[in-house]
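Sharing a structure, written as structure tokens. Questions coming.
Chain nomenclature is as follows: A, B, C and D, assigned in order of appearance, with residue numbering initiated at 1 for each chain independently.
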């Protein structure tokens, strides 16, 4: 098997394989340590960390939908200080790339969080969540226009010691123009998609299914949307794209890579099948053999159009 | 707490219109399950329904364990149609378990509806693993009507003390099980009493209120929507009494909580 | 049962009940005549009609996705002239409101089509598809900005003899601003959502699953997105909203109405269960009895937030 | 052509690793089905898989009919797991049917893989309803290997002439069934010959090419992704020979076409 080369390089960082976990769906890796061998993964992405600790929204915070789920966790996290003291030590023990996802409510907040992370070892890259749909003002302050995305990216690029992945929202008219703005501002890579804005209603009680009313739609249901975003952005930028959205197995991984992704993240799938990521690493090797391709890198953007 | 991708069903018994009991065979699982634990069952290989379904343990012996559930929706509906020989993907044992009572305490178990299974397992365990005498255990079983008789029958085989109530009076005491609790708990020395409860939220509120008023030590087993069941999604939280902004994950810190730890 | 009032009024037109079929999923009603009693429906919406006949895209034009489907039919239709001679006569025989859906590639085209329809009897309303994602330049010339939506709506409102429903696309950053623009321009009602842009990839052949590469995602998978759109727009406009997206049964109907819709359309569901619409009419009556509400109108926007 | 929401399965027979035969009971359906027609089966009440699955008719007698299929994906996978007593929602009869041959013609049926079922039904029909003599019917059955023997066995019980080919030579003639056709068709007077074919696209291309070259009248039965099966979605089209921009719906104008009507 070892003759198949699954390695990929993103923002100068080498990944064992293109398979990572998505922010908010893998905790800080601790829980999954029991289920899978984390060293088999290309990388793990941590839950969004913010400047201050956030308890998150009141429950119910999640509900099931056809082929997917809604969540309005509300960026619950321990805050950057406790993240550094409590979570980083464990993350440093891991033999995989650790990508720390950062969220904020103003450029200053992002900057402060990154400043603090700059002092930490054991971080491979940062992923900047500019698109969480669950928090205030549609959460679209930064992901809603090319200008705001450009501004944020260039400010963060100036101060970050780590390469930056900008994570994009699909809830926009033209994701490609925002992607281009991030690239122009110096982003090392892009990841997409964050969740789609969605909502559920209880027809018996007339209440929303989520206390927060709206939430983020994820899971297999959104895979077609995510693939279309990746493909559209791939034709617009040169930096690597990390595909996210409804990926459940190695075939899905292949589809995203063919559409233009250099790597992928598994989100909701971790809830359904905790071993989905490691299973996909194995599956991907067999797949490469079947399609007779040596290096996964060759597959990126191979879509016949 | 690991993934068992292919656990065979050895029996699926229809107990009533909508109550079912499934017996699974898995030595690994059966040997690790403790009262209060739950398992997370993948009910379909397809993407709808997407989430696993959480089920408490009704009983566990040697290399088998069983769950007892009501088919209320699409997930439990699919589960109810499974047959001997089918295999399912199960995560478990998950969650914490009930704190054991002291040997000299009297234990009252207050179950409502499908809250029966975990308390049945607890009673079994107290008898077989903690040397409890059947007379020390009082099982109060609340059902809505005679349609749910299989729930109380599922406990009757145990050699313990038991009282049943039904909302419509068609079986046993007419009224809520919490009413039954008020009178049944009276004779006991509250210092030597332990209460464990599981059932619908309104019932839990009533039972924990009674316990708080009377100073009875009480543990509740909670349910909550569980996308992952393993502590990572932060979806299944319940508000803690530690403060407005404090939440506990039912799947990790629970499903069993001291009744004064959580705001139900 | 008759004590329950299912009637609704949209743009001055009275509907027997809030249940209609969605454009492109019900042909011109002919095929379904065999399966269901069309007179039980509030209305039917015809496949988009364009100025010139359109053969549509080359197959494969559809594929199944998790909880949904992709289509890139390509607005296949017989063109307005043959529509008038071949389809209108049958439609006129129906005892239900006929809503004719109109699509175009320029304001002039829309105007010409409507001019011709203005001469026809048997039409209750027009629905203007300003958002088909399958055709040229992202199909977003009109649905992508408040300005363009306003311009088109006011031009058509001037010349149409029939009340106008403007059908909105979800593929935008802020659907509420576009809805508001249509209202300001005189739209009688809004319908939403059209399909989400999506794509599928065959990992064995590296080909897209649709010849047209991208297509429109519909079905239960998109219901949460549609509900969120309806709810957002409901808080921004006063004209009636027709909810569309993943509706499969009367409970889904209720959810859309609670979120803010006055009526609904069933799309993809017709393919899965041809009797879904008439079943939902019956189901809705029982539902009203269960929740103890007399008039469906009272339910609109009843969401507890 | 109506909806039958609850058709009972009276038998589901596993013929090989992945071939299954299901017998359904429905008087309404059985009495209306003609060779070439298909049914559209809802394989799950949930939303994934969403579409119905199209199946040709293998056989039809009195109040039962059967389909013969290969479990290749999630829809047929679910179908293969259904059991006696389960009921399914079926639309049918759908589509057109084969044009009948003249009484004095010789009929060659060329089937590849799961193209067998509709041609088996046609052969049955010619024998029982059109008074054809078994000697007038030649069934050429192409399978990939001995693993698919159940497909040719599914035809052998008919009292007709038959030849089987297999791609790997493990059964009958070694090679494609189109090769077999070339030699087998030779002895006949082309004017008195009728050919019907169903199978994978490459095979259909080859067979219709041979027919075109030799001037044999040929009808093909096509497959195509079918969201609705009833002509409304315009999803299942095939390009017509009428022109670049002309499409026919496989579910309505087909699935049976004169071979010179469509561009396969």
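Operating definition for what follows: contacts are C-beta pairs under 8 Å (C-beta built on N, C-alpha and C of every residue); 3 or more make two chains touch, one makes a residue touch a chain.
No experiment lies behind these values; they were computed from the predicted model shown.
Note on connectivity: the fewest steps through touching chains from chain B to chain D is 1. Once the centre of each chain is set as its mean CA position, chain A and chain B turn out to be 37 Å apart.
With centres taken as mean Cα positions, chain C sits 47 Å from chain B. Taking each chain's centre as the mean of its C-alpha atoms, chain A lies 34 Å from chain C. Taken residue by residue, chain D touches two or more other chains at 47-49, whereas all remaining positions touch fewer.
Along chain C, residues 65-68, 219-221 each make contact with two or more other chains. If each chain is drawn as a node and touching chains are joined, the picture has every node linked to every other.
Residue ranges of chain C in contact with chain A, taken from their complex: 65-68, 70, 138, 140, 144-145, 171-174, 196-201, 203-208, 213-215, 217, 219-225, 227-228, 231, 246, 251, 254-256, 258-259, 287, 291, 302-305.
Against chain C, the residues of chain B that register as touching in their complex are 47-48. Across the complex, chain B is touched by residues 24-27, 31-32, 34-35, 55-56, 58-69, 71, 73, 76, 219-221, 248, 268, 270-275 of chain A. Of all residues in chain C, only 66-67, 220 touch chain B in the complex they form. Remark: chain D residues 1-3, 42, 47-52, 89, 91, 224-225, 227-239, 245-247, 252 touch chain C in the complex.
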